[in-house]
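Below, subunit A partners subunit B and then partners subunit C, in two separate complexes.
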Partner chain A sequence: MTASLLSIRDLTVRFRLPQGQAVAVDGVSLDVAPGEVLGIVGESGSGKSQILYAMMGLLAANGRAGGQVLFQGQDLLALPPRDLDRVRGQALSMIFQDPMTSLNPYMRVGDQLAEGLIVHKGLSRAQARAEAVRMLDRVRIPDAAARARRFPHEFSGGMRQRVMIAMALLAQPRLLLADEPTTALDVTIQAQVLDLMADLARETGTAIILVTHDLGVVARLCDRVVVLYGGRVMEEAPAETLFDSPAHPYTRGLLAAMPRLETALTPRLGTIPGTPRSGGTATGCPFADRCAVRLPHCATTRPALHELRALGSGRRSACHLSEPAP
Partner chain B sequence: MTLLETRNLGVGYRVPGPGLISAPRLLPIVHDVSFTLDAGRTLGVVGESGCGKSTLGRALLRLIEPSAGQVLWQGQDMAQIADLRRRRAEMQIIFQDPVAALDPRMTLARIVSRPLATFEPGLRRAEARARAIAALEQVGLSADFADRYPHELSGGQAQRVGIARALVGRPKMIVCDEPVSALDVSIQAQVINLLMDLQERMGLALVFISHNLAVVRHISHEVMVMCLGRVVEQAPRAEFYARPLHPYSQALMQAVPEPDPRREKGRVGTALQGELPSVLAPPPGCVFASRCPRAAEICRTTRPELRQVAPGRLAACHFIEAP
Partner chain C sequence: MSVDLAPPRGLSTLHLQFRRFRQNRLAMVSVVVLALIVALCFLGPFAFPFTGEDADFDNISAPAALQWPHLFGTDDFGRDLLVRVLEGGQVSLTIGFLGALVAGVIGVLYGAVAGYAGGRADGLMMRLVEILYGFPYVILVILLSLLFGGGNLALFAAIVFTLWLTPAVIVRAQAQSLAQREFVQAARAGGMTGRQIVLEHIVPNCVSVVIVYGSLLVPEVILSESFLSFLGIGIKEPQASWGNLIQTGTAAMDTDLRLLLLPGGLLAAVLLCLNFIADGLRDAFDPNDR
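Presenting the complex of A and B:
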């Protein structure tokens, strides 16, 4: 891998609750290279979104992040708020699942886009507006100049998400964090937004971390994938090889549970028994209680993320079954 | 045996008229839906948001009054069934948001047994409870769940309770309105398998409403694709998925991302452009004309009728050759 744009080292996210402490992210390390599209896949409670919130300093008030998030050489977790603001406005942007609640309903769309440029880039109002229209046009909002004078409720869901992407890209960030950006959209609109993100990543060299529960979305957009479960990385792989040879029992279970359009029909879908684990520190493997191939020590000894050289480069898994003999 | 049949079913909602004092008008949402559903079979209804699929599902049970056409239940016009409230034991519905569908202040045994008060008013409490526990067991929840409350459940368990409640009156048909859309992938598979098992065991007919073409493929025998309130294609499952005929069905199929990077990377850049027209102002011609890559002048002016285009296959498109 080339020099990392982002290096997360041993990130933990904990929440203080009346009944004690809840661990949402439990020692996650990952890297993103410049221009790379990394997918983080997991079910609810896997901690996938909390990784992004921790990076952006957006954790809930009772949440605390530990470890390191090295972005362009600076540890975001250690930055004073004002410096973090500067990074967030310029090099790092985020888009969310629900584009309606992320836009100010009382403000014209063009003005919302222009605001960031005025604050962070020091443009004049007129310059910023012109730039906003140019960006709306770039994310294929038809008739962008007229649309910029409209309010968010006058946009469809797909258009709102494209507005959010336009807003996130205005500052020409090096890294875009996308939290389930297409989950609320219909499939044909989802395809448009994914196309747009793929184009922009290619044209501008912006790296993307895409958090999603949908392995299909990952297959369309991502170069590399991290599979998360119970706040820990289960498997990491280049997208082309993950789907051909999923190594971790959890990844295999997820793929078998997905109904498909083009493979032969099976009488029943594959299932993973039980329900997804919601955070918590497991003493052993967090997936042990649902795993079909668990060994006696899986519940007590935590498997380390290790390389899987036999499956090609960049492959790692955290499972006792694939651990090299000591 | 045919359980359910619709003939040119139409549904509309009352909306305020154009002026302050003008009378409310009927806004048509679903047009001309005709199908038959036999015991033990599943009809998959698929479409994007606003296509009318949930409205159709509710109209099938007369939870919304149809505005045109007929719904026949075992040959009898649903509008003529006198004791419909009680007969609904035979036809049940489950919903998308499994937690919101359960009363948070009731135990699961009460939630599940509650419909019996309507369906079998003579039943004693202990019997109703026993029936509820039996229904919970049918969906894979042990009797220990009987005295728990909805907030103690995961989403998948809550959806199982919703299914148990539908089963308690011993239905012949269940309308499933996006029953797995709010669930995690691993749980979604459990619930789909459960519905298929129940169908096999009890000969249930299912109307399975979903936006997810892959889920519909797995569970359905027949597929109906809706767009803006109209059926654009209707076909047996195998034929439909082997070769969807309507350009809208083809576009939907293209848009679904599959966990296969080789297929997916080749599809980047193939998304449809444009947006669906509003239900409030439906186009005079084909509902898909504004986004269809094959649209011609006739598509914008004349609505294509749903017609037979191959044995057992219906489609509404000017450009599909009839057999």
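Presenting the complex of A and C:
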């Protein structure tokens, strides 16, 4: 594997709450190579978005991140705010979930795009505007020069998300964080927006971390997938092998709950019984309560993430069932 | 009905709101009347061969005969009443608009910073506001008059000092909710500094609230200037303001009502116009009222 662009080591995110501490991310480690598209999947509350927020320094006021986030050799968590501002918006940028609220309603779209270039690249207003129009053109906003002078409320949802993509890619970042970028969009344009994002990223060699709960999206775009549950990595695998041979019981449950063409005639989709545990750190496997194949020690001993050589390279899982005998 | 073709340049929400405001007839009439009164106050005195402080000893306490040069007569020092009222209007209107502007700017910036910063800084800043709220207004004015040696500056300082608090609280609440909005998060993710976010993202988004509140602030300032001058701790004789003219007028109201009616009527007209305008602005800017 090439030197990684990003390497997260033992990241924890905790929130101070009146009734104690909530652990949202519990010792997650992962790597992203330059140009790679990494998918992070998991259900609501699994901590997937919080990983991105922690990296960007955007945690809520009561949140604390621990561990290391090494990005191009710098630990983002230890960076003073001024230096973090330099990294954010230049080498590292982010696309948010809801394009309807991600644009300032009182600012012309072109000016919003230009803002970052003026701040970070020291371009003049006119240069930055021209650059913004060029980028809007690349995300296929029709009549970009005229549209740049319009306000966000004059754009449709899909167009706004394309504007967000343009904004995120404008500074030619090394890594793009996308937090469920298409959940707020109409299904008919989800694919279009995703493909556009992936194409542009490929052209510029930008790596992407794509957080989603949509496995179809993962299958379409990602090189590698990390499955998250209860703030911990359950399984990690190249995208193509994960769908054929899920190793972790949770991943299998997730895949069973995904509609597929070939099973369209079966009466019901699979579900995973139970609900995710809330708050606190599990002493054992966080999925133990809901697992169909749980072993007696699952609830008490935490399974470590280990390599699964039998299933090919790059595959790892955190389950007692697949652990090599000690 | 035909569909509007897209204009060449995008229209901001603000544009649309002002367009809606222009359709409010009462508010537009008020704007015209107010503009006339302002123009009259600032340009009118030039038409007369004397100022409001020049005494005409041949015509002391002349009645309102509508005869040149003393159209509305003179007061008991022989000073022309109309010119004094117009000059008093200059003082009252200047203090009103300038005071509202300064108080508004201070309040908006303070509130935006507090709301965006959040946490402990916000707590401290808001406690300060609450402490200042507790200050008795009239005593504050008297203290500041002593400090500045009386006069217009002390009055102005006192008015601004008490009136910036409410816009600060309003904008802070707005800024707090804006700080959670994704476009502010996106700006932070884009590496914008706190100052840029406050000035470019928070403040412009508070504009509608501020305009509506500001339009209520102007009559409030004018009224409190008049009130203080009426009490004798504001604008002092011989300089005129609507407040102290009304005060002189009440002293003579048994014998000569016009000394009270002219400044009082103008003040009432201005306040009425400002309130109609404020009402129109609120209707045009309130998103719940479409």
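Quick note on the criterion: the second predicted complex is superposed on the first by the 318 of 326 C-alpha atoms of A that agree within 3 Å, B and C clash if a C-alpha of one lies under 4 Å from a C-alpha of the other, contacts with A are read in each partner's own complex, and residues count from 1 in each chain.
The rule is simple: a residue touches a chain if its C-beta (ideal position, glycine included) is under 8 Å from a C-beta of that chain, and two chains touch if they have at least 3 such contacts.
If you're wondering where the values come from, they're calculated on a predicted model, not measured in any experiment.
Asks: After lining up the shared chain so the two structures overlap, which partner does A:S156 touch, if you call subunit B first and subunit C second: first, second, both or neither?
Replies: A:S156 sits against subunit B, while subunit C stays out of touch.
Asks: Should A:V211 be classified as contacting the first partner (subunit B), the second (subunit C), both, or neither?
Replies: neither
Asks: If you stack the two complexes on chain A, which partner ends up touching A:L254: first (subunit B), second (subunit C), both, or neither?
Replies: first
Asks: After superposition on the shared chain, which partner residues are touched by A:L38: those of subunit B (first), subunit C (second), both, or neither?
Replies: After superposition on chain A, A:L38 lies in contact with neither partner.
Asks: Counting residues of subunit A in contact, which comes out ahead: subunit B or subunit C?
Replies: Per-residue touch count on subunit A favours B.
Asks: Please work out whether A:A146 is in contact with subunit B alone, subunit C alone, both, or neither, and reply first, second, both or neither.
Replies: In the superposed model, A:A146 contacts subunit C only, not subunit B.
Asks: Quick check on the output: what are the common subunit A residues between the subunit B footprint and the subunit C footprint?
Replies: No residue of subunit A touches both subunit B and subunit C.
Asks: Which subunit A residues qualify as touching subunit C in the complex?
Replies: 56-58, 61, 84-90, 93-94, 96-98, 101-109, 115-116, 119-120, 146, 149-151, 153-154, 164, 167
Asks: Spell out the residues on subunit C that touch subunit A in their complex, using ranges where they run on.
Replies: 6, 8-14, 118-119, 181-183, 185-193, 196, 200-201, 204-205, 207
Asks: Taking the complex as given, what residues does subunit B use to touch subunit A?
Replies: Residues 48-49, 154-157, 184-190, 192-193, 196, 211-215, 217-218, 241, 251-265, 267-273, 275, 291 of subunit B touch subunit A in their complex.
Asks: So in the complex, which bits of subunit A are touching subunit B?
Replies: Residue list for subunit A touching subunit B: 43-44, 140, 156, 158-159, 186-192, 194-195, 198-199, 213-221, 239-240, 243, 253-262, 265, 268-273, 275-276.
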